[in-house]
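After this come two complexes, each holding chain A, first together with chain B and then together with chain C.
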Partner chain A sequence: MNYQIRTEGQYTVIALRGDVDLHHSPKAREQILKYLGDQCHVMVDLADVAYIDSSGIASLIEGFQLAKQHKLQFGLVGVSEPAMQVLKLARLDRVLPIHQTISGMALVSIR
Partner chain B sequence: MTTALAQTEIRFTSRSAQLHRVRGEIRSACEQYRCSRECIDHIVIAVNEACTNVIEHAYGKECDAEIVLKIFKDGTALVFHLIDHARPSDRDCVRPQAIDLSRPGGLGVLLINEVMDKVRFLECAHADGNVLEMRKTIE
Partner chain C sequence: MTIDNPREPAIEIRDLVTHYGERKVIDGLNLSVYPGEIMAIMGFSGSGKTTLFRQMLGLKKPTSGSIRILGKDINTLNSKDMYDVRRQIGVAFQGGALFSSLTVAENVELPLREHTKLNNQTIRIMSRLKLEVVNLSGCENLKPSELSGGMLKRVALARALIMDPRLLFFDEPSAGLDPIVSAELDELIIQLRDAMKMTIVVITHELHSAFKIADRITIIDKGEILITGTVDEVRHSSNPRVQNMLNRKPREERVDADAYMDRLTGAAP
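And now, the complex of A and B:
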């Protein structure tokens, strides 16, 4: 797995690429928590994720929870088919905020 | 009476870096049984989670201890035996639990149970170790 960081509007986008499994998910978790810790609104781009396991999903859930605590925005964008399969099996596709694209998204208040 | 047919055996060590190769070999084995692509994808997800649990929880560390995955057909089911030589696992640990988002542990077990029709530990012939059986009907 590798990752790239970019900024789109007010979002820091963490684009993950490859396999986000037990071997690689600590790197993904580190980046997600780092930018949320810096008070950034974070979108995780999963378009190029070939595989994600429960440890990767747990990192996304942790980011989602931390963002809520800090009243920041957190979501997933461009979710690849393999990643969506896992999210659906875990029934998290209706829990985690999922967006097709970032463009046009407006920041909304976090309740 | 059911008869086990040709068997695939995948050997690997308790290292997460091996999981990518193991997933590829699981996929290749399942393709021999003409499962649908979605069925194979789901099986790979479930069996990968079981392998991950052995590395992370049974052995509890990255090490060179051996793990063996046997795959065979039994009637209309694909059967997976995941064998380790770690200390015996809690036999209830493969029962699915409701996911608590504040503590996302147990997600792997949930995925295994969502995909597989039956998940259980078999009696192990060795003093130490576990044999996790997962069965998936494919026909």
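And now, the complex of A and C:
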């Protein structure tokens, strides 16, 4: 897995790429918690995620909870089909804010 | 996760022969299970399926033949390489095999605490996630003695899934469960294959369950494979032993009078 950080509007976008698995998810978690700790609104871009396991999903849940505590915005964007299947397995597609794009976020929320 | 080559079997068994003492229980068995496939292994009691199950897990060595799991011949591996293979395998045993002194959450978390360096919060979320997936949310603090048979089975499955294995073995998922829980487990097995791209081997007696979930079914009798095929191929098999199993007909075996008397009197064959 690798990742890229970019800014879009008010959001810090953490774009994850490749396999977010037991070996690599601690890196993703570290980035998510770091930017939320810096009081940034965070979007995690999962468009190029080929595989995500439960440790990766756990990092997203932790980010979501932390954002709620800090009254920050947190969501997922461009979720790839493999990642969406794993989210659906745990019914998290009904819980986590999921958006198709950041630019039209308010309009295309598919929660 | 390495993308599996769909042509390279996740499990490849060649010319497997196994004895208990003098008695041959597996006789020249060949079987391949492909990545992303749900394979149901069926057979009468004493057919050899539990022995085969134990051998696929590396718990019993065969007399001869080979078993390759995720590309590795498990009977020639050193302990470190075998450990690497086992980290990629999840096993849900029939009776649960839970630690009675640990809570449900502690049982489910155990593989992560033993085999990873993940932080405590991630481990806790992962175990609760798996308990959600098996419909056991809120049971984290119960002890195994406080659970029903169906709940024990689901905790065992949650523990088997906690490392997100590439290969899942599930021994008798439906045995002793009510029809609703059994149907939910069947559905979950299919979802796991689809979402996690798992290869799943299910040992089962339940025809209905096997027909619902399996991509292919293998029926074993007396240590031999009677048939390996799709649900339709198995249903329409012309093999009378297969049809006996499907139609729950008792076996009618030829009686060798001399051998029978020898067995009763303890005379040498």
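Definition applied: the second predicted complex is superposed on the first by the 103 of 111 C-alpha atoms of A that agree within 3 Å, B and C clash if a C-alpha of one lies under 4 Å from a C-alpha of the other, contacts with A are read in each partner's own complex, and residues count from 1 in each chain.
Assume a contact is a pair of C-beta atoms (placed from the backbone, for glycine too) under 8 Å apart; a residue touches a chain by one contact, two chains touch by 3 or more.
Everything numeric in this text was worked out from a predicted model, so none of it was measured.
Asks: Which partner does A:94 reach: the first (chain B), the second (chain C), both, or neither?
Replies: neither
Asks: Please work out whether A:86 is in contact with chain B alone, chain C alone, both, or neither, and reply first, second, both or neither.
Replies: both
Asks: Touching A:61, do we find chain B (first), chain C (second), both, or neither?
Replies: In the superposed model, A:61 contacts both chain B and chain C.
Asks: Is A:19 touching anything from chain B or chain C once the two structures are fitted on A? First, second, both or neither.
Replies: A:19 sits against chain B and chain C alike.
Asks: Hey, what residues of chain A end up touching chain B and chain C alike?
Replies: In the superposed arrangement, which is not itself an observed complex, chain A uses residues 19, 21-22, 51, 53-55, 57-58, 61-62, 82, 85-86, 89-91 for both chain B and chain C.
Asks: Can you list the residues on chain B that touch chain A in the complex?
Replies: 16-17, 19-20, 23, 38, 41-42, 45, 48-49, 52, 55-56, 99, 101-102, 104-105, 107-108, 110-111, 114-115
Asks: Within their complex, state which residues of chain A touch chain B.
Replies: 19, 21-23, 51, 53-55, 57-58, 61-62, 64-65, 82, 85-86, 89-92, 95
Asks: Give the list of chain C residues in touch with chain A in this complex.
Replies: Against chain A, the touching part of chain C is residues 1, 3, 116, 118-119, 121-122, 125-126, 129-130, 132-133, 161-164, 191-192, 194-197.
Asks: Quick check on the complex: what are the chain A residues that touch chain C?
Replies: 19, 21-22, 25-26, 29, 50-51, 53-55, 57-59, 61-62, 82, 85-86, 88-91
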